[in-house]
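Have a look at the structure below, then the notes.
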Amino acid sequence: MEPLTWTGSLGTILNPIFGIGVILFLVSVVTQSVLTFFEGPVTLQANPDGTLQSRGGLIGMLGTANKYLMLVIVGAVLAYIIIPFFMGYGQAGIVGEMAKRFLPVWVALVALFAISIHYKRRLGLYGKLFDSTVGMIGFGLVMFWVFTAFFFGVFDWIATHDYLSQVSGLKNKVPGVPVPEGTTGVLPHYLLGGDNLARDVFSRMVAGSTFVIAIAPLATVFAFMVGITLGLPAGYYAGRLDTILSFLANLILAFPVILLFYLLVTPEIVLTGIPSYMAAFLFFFPLIFFFVLLNSRYYTQPAKRTAIMIPVLGILGWLYLSVINQRGTVINFLPPWLDGFDITVLVVFVSVVFVNAPTVFRIVRGLTLDLRTRDYVAAAQTRGEGAWYIMLWEILPNARGPLIVDFCLRIGYTTILLGTLGFFGLGLPPESPDWGSTINEGRKLLLVFAHPALPPAIALMSLVLGLNLLADGLREESLRD
Amino acid sequence: MTQSHNPIHPAALMYAEEAKAGKLSRREFLTRTTALGVTASAAYGLLGMTAPAHAAGHAQQGGTMRMQMEVRALKDPRTYDWTQIAYFTAGWLEYLVEYNSDGSFEPMLLEGWEVNDDATQYTLNVRRGVMWNDGTEFTAEDVARNIEGWCDRTMEGNSMAGRFAVLIDESTDMAVEGGIEVVDSHTVRLNLPASDISLIAGMSDYPAAIVPAGFNPDTMLDNPVGTGPYMPESLEVGVKGVIVRNEGHDWWGYAAGKGAFLDRIEYIDYGQDPSAWVAAAAADEVDMTYETVGDFVDIFESIGWERSEVASGATIAIRPNQLAEVDGIRPYADKRVRQAIAMAVDNAVCLELGYSDLGEVARNQHVGPMHPAWADVPGLPYDPTKALELLTEAGMADFEMEITSIDDDWRKNTTDAVAAQLRDAGFNVKRTIIPGSTFWNDWTKYPFSSTNWNHRPLDTQILGLAYRSGEAWNESGFANAEFDALLAEANSIADADARREVMGKLQAIMSDEGVTIQPYWRSLYRHAKPGFVGWDMHIAYLPQIYKIGLAA
Amino acid sequence: MGLFILRRFGVMILTALCLTFIVFWLTNLAPNLEKLAKTQGNARMSDEAVQTWLGNRGYLQPLPIKYGQWLGVVPGYVIEGTDGEVRGRCIDPRRPDDETPRFCGILQGDWGFSTVAKEDVSEVLPTRLANTGKLMFWVMVVMVPGALIVGVLAGMREGSRTDRTLSTASIVSTATPEYVSGVVFIALFATSAFGMQWFKGSASSAVQDATFENFFLPVMTIALYGMGYIARMTRASMAEVMTAQYIRTARLKGVSFPKIVLKHALRNALIAPFTVIMLQIPWLLNGVVIVETLFTYQGFGWELVRAASNNDIEMLLGVSVISVFVVLLTQLISDIGYVFLNPRIRIS
């Protein structure tokens, strides 16, 4: 087998087009930015004869040029992705083969966008996202990784080799290296080369996405449950409760995050069982949250309340027990048939929730302090609604805008935190394909081999970037209300 | 030199015959004869060879050398657990004897020694003209006091007590009455209750630094009394340590032509991450490394540094612990499970992925061709299919094996390679990694983990330390009466050929019982910027810093 | 105002007490003490030896008493060990025995002894802090003006292409954590792989002698991550100011655009970023830990990692005390500064 080149025969035409396009685009954008600084703002003007006039001159020309250059670049990128599907194996190089591997993701993305854009007027805030280019790009990046994680995690698609198997002879080999005969795997090449232990960098990057996408949003959800359950009463009742809770939150926030991790995520602390107790404490909040949520809503109709509550709390309770019940730790009382699953990285999960919850608490408390003076709250109070009903069914829905935005940003932040843990080698198993650990592994040999460290670095960056852009888009759109 | 007048020990002549006949390797020959009091040059002479010339002639006087090395806190030399500590104190605390990479022992603060025929009496001739840097003379009293200190078993963490166990009275935990005898101002005689030929080797090890009277480890920096050519200038643990030439001190080695070329030696700590060392080297912040491992050997060469390599018996053992209980069972007590593990792992792959092919493939026997009495016994075949069958037969196919390792470069990678191969063979494997600061807490107790072992000169030494029933360092929980008996037998046979037969049986047991995976023998490396001499990597990491100099 | 500051100081001390107690408790858990004994005594010690080692050094006393000793409200222990040696918290070999004080905690100005550095914490920490101070100074020098310029340029014409470009760049910079950008920088600029070996990948020599070559990469790595956030805040603040009535008036009067920006908008637009920059300092601490580890620069963050991974109890406590005060002081300064800069707010 021949080694693959980056773009294969496709590159001979596309590479120059793409390269020149990017360079011209950058030059033109910079010149335009510099020039506009010295000019007054001129937007479209309506002339008396009914025509519209846009800016002319050099700046205007550059603007038009930018538009076309952008089209060329986007077209080239699309070509890189689409054309390989009509070419034989390997002819479109590494880029082409990667594009092919991601086929299910492309299909899912296109379908999702087509449906969403078609029905966007009926989809509330989510639909409005599709009015903002920034938001769409962000959403696209995020969903790219979500689908990748999903298809890998559930169907084992996309990855080309087992992300843990080591193939003799491929240690630190450059991207596009052919694997020896008889190696199991979908493709006869390591698309992005082999890492320090001769594992496929591409497959590890894909597998890492499943880890990140599974942990980061879930940990953020838990942090939000804790933060909301405590933040709402703190803001609503204020007074002593608020003082105590705020003090505790500030206490945790005054810890340097890394010190906290170093103190919590060590094998010694796991031995003492502290993470298990913390999990038992922190993960109880979702139960309280749902209990109060449903109870405050239906307490006037006891029959209906019980009918809804028993299955919901039953399932949640079982999930709760399964999560905190771990083989080999202090909390281990469930019989194995009842213990649904073990989270292998419980300590990491707990720490991330623990670090994030106080910030969420502060945001929710601040919003509640502001919203509780609103008229609709006063109206509900005069109606005689219970405090929890007001908090959960009146205040919380009205605070959703900033909370959703923060949620997106926080997933990104959590992803970075997970990476930080991996970077310091805390809590995660060494073979874990998560991006932080692989970056840390790769950086050790960075001076000679850059290829094992860069793919996870770029993946992590693109996901966090996507989440930030998505948050930005959501903020813009929710402000337009 | 008194030594040259001494009759050559009869055993040395016998060894010379063996060596000439090819039965004894040159290294082993040098180790044994020099330990019996034969000078290195005389030993080479017995073989009809001349001793290799020292590089000293090519070094220039003066200059500074900066070495990347972990800078550790000082303590009583007897409790040293890291050679890095000795690298700093070797500037002023010297040794009686020096062990070299070619296997020979050379006298330093001794002028020579004689060992009687059954190795129960050692006569140590203390070098004349050696001065402490506070102006007093170095005498036999100093030697006797240090040896007494080594024999003090009540001292917490005194590892010299193990090396001098033969001299220790079990009831008092101190040196036996009359064991250490000062004959005159420059002669010490050791009268051993039993024979032991390893004492000279013990004196050459890094915790055997000779300290002055009234030595106090707490003030050893403020009051650096010693015999060596340097004195400490500053020490910031974990950051930097500097030793400089002790200008007022007339070191005995100047007259003896020993060297001490450099005026200043700086040890700079870059932590345990080799990538930081490379960065430091690329940024020209250091001149040489303490040790280069694994992948970094090539990397240092790619930035134009020179390599020093020494093949050694240092290795790694990835072993299941037969006594460890996991979920109420002892999974590795079953021989079939252990055999399955050994057969599922290709040692050559471990060497490739774990140590970048920088060594020799081994056979899980922890005895190798570098040992004098190594027998050519085949290991278990590499057969993953058979391995899975064995495992299934033992009823452990679903058992999840947790393999633990320390968090570093080559040890982790090798263990990862083992884990991956087991997984490929169809085993259920989980990997755990533990930071270096906590790994040693339970190193003998992990159910399945990896440990690095250093080079030992003799074949029976490591088997006795790590595989004899009930030994403190027996991390595999291996207990086999037949093995113990054979080992005792081997220990009583001085002749390598005669011992080889017993060793063959021992090695066969090691393989057949699947005691451990000991996949390869490491070569040790050090790298330096061009322009230095005398900085060769030492086979046992001993601190011979006086040999280093700038090339003339 | 005085009362306000006094109250904040009270909270600060209470926070520091709680926090150090938590750190104290976590570092004094049995497995951590075992780790300490093994790293300090002998790596391959037996369990009994660990217990006597700890007992001889006062580690097995009840937790509140140990904490009290560290604080200096309980007399320091004096223990005659099983090996016959007398050890005491306040005993210092450099001081004659009869001058040994009864109390020697943080209240007496004794920060304790670092078991890893083998020096008093009060001797090690200031050096480390000074090193980090040097790093932070240069980070601020690069980051603050850079972020403000980017933010102002982006915010002065909201929605323009300049704004879009710069905003995207800021988002990219906030989305790139230090361990990613640091790694990429080293790969690009400190190795010969890409032919741009302009800087050094190790900042160890910068402790003594910081040069452009050895200090640029660590400074840029921290600065870039923080820059995006401040730039976005500045942009938002600037954009808000630019829509204010007085700016519109100035524009209608025919004042030139650069003059409007520089003379009228800028001052008001910089109030919000000021508070953000102050609040950013504790947040940068994270970046400092990563960067100092990545570039082996012996500062505060490096010391934190070293102390934490070796369970150096008193050093960790010192580190926590300092970080608490940094966090809370910057909050205080940002609150006070906000009051002074913003004429509309008065604290009675």
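Note that the chains are named A, B and C in the order they appear, and that numbering of residues resets to 1 at the start of each chain.
Everything that follows uses one rule, which is that a contact is a pair of C-beta atoms (placed from the backbone, for glycine too) under 8 Å apart; a residue touches a chain by one contact, two chains touch by 3 or more.
From a predicted model like this one, the values you see are computed outputs, not experimental measurements.
Undergrad: If you average all the Cα positions, which chain's own average lands nearest?
TA: C
Undergrad: Between A-C and A-B, flag the pair that has more C-beta pairs in contact.
TA: A-C
Undergrad: Among the chains here, which has the CA centroid at the largest distance from chain B's centroid?
TA: Farthest chain from chain B, going by C-alpha centroids: A.
Undergrad: Could you please state the distance in Å, as a whole number, between where the Cα atoms of chain B are centred and where those of chain C are centred?
TA: 42
Undergrad: Report the inter-chain centroid distance for chain A and chain C in whole angstrom, where each centroid is the mean of the CA atoms.
TA: 27
Undergrad: With chain centres taken as the means of their Cα atoms, state the distance from chain A to chain B in Å.
TA: So the centre of chain A lies 50 Å away from the centre of chain B.
Undergrad: Among the residues of chain B, pick out those that touch two or more other chains and give their numbers.
TA: Expected reply: 279, 282, 435, 438.
Undergrad: Got the chain C residues that touch at least 2 other chains?
TA: Within chain C, the residues that touch at least two other chains are 31, 34-35, 186, 190-191, 201, 309.
Undergrad: Quick check: what residues of chain A touch more than one other chain, meaning two or more?
TA: 266-268, 443, 446-448
Undergrad: So in the complex, which bits of chain B are touching chain C?
TA: Interface residues on the chain B side: 73-74, 79, 81, 154, 156-157, 159, 218-219, 236-239, 268, 270-271, 276, 279-280, 282-283, 285, 435, 437-438, 440-441, 443, 472-473.
Undergrad: If we count contacts the way the header does, which residues on chain C are in touch with chain A in the complex?
TA: The contact residues of chain C facing chain A are 11, 14-15, 18-19, 23, 26-27, 29-32, 34-35, 153, 157, 160-162, 165, 167-168, 171-172, 174-177, 179-180, 183-184, 186-187, 190-191, 193, 201, 257-258, 282, 285-286, 289-290, 293-294, 301, 304-305, 308-309, 316, 319-320, 323-324, 327-328.
Undergrad: Can you tell me which positions in chain B touch chain A when the two form their complex?
TA: Checking each residue of chain B against chain A gives 273-275, 278-279, 282, 295, 298-299, 302-303, 349, 352-353, 356, 405, 407, 409, 412-413, 416-417, 419-421, 423-424, 430-435, 438.
Undergrad: Under the stated contact criterion, what part of chain C meets chain B in this complex?
TA: Residues 31, 34-35, 38-39, 41-46, 49, 52-53, 83, 93, 116-119, 186, 190-191, 200-202, 204-205, 214, 295-296, 298, 306, 309-311 of chain C touch chain B in their complex.
Undergrad: Would you pull the chain A residues touching chain B in the complex into a rising list?
TA: Interface residues on chain A, with respect to chain B: 164-166, 168-169, 171-172, 196-199, 266-268, 425, 429-431, 443-448.
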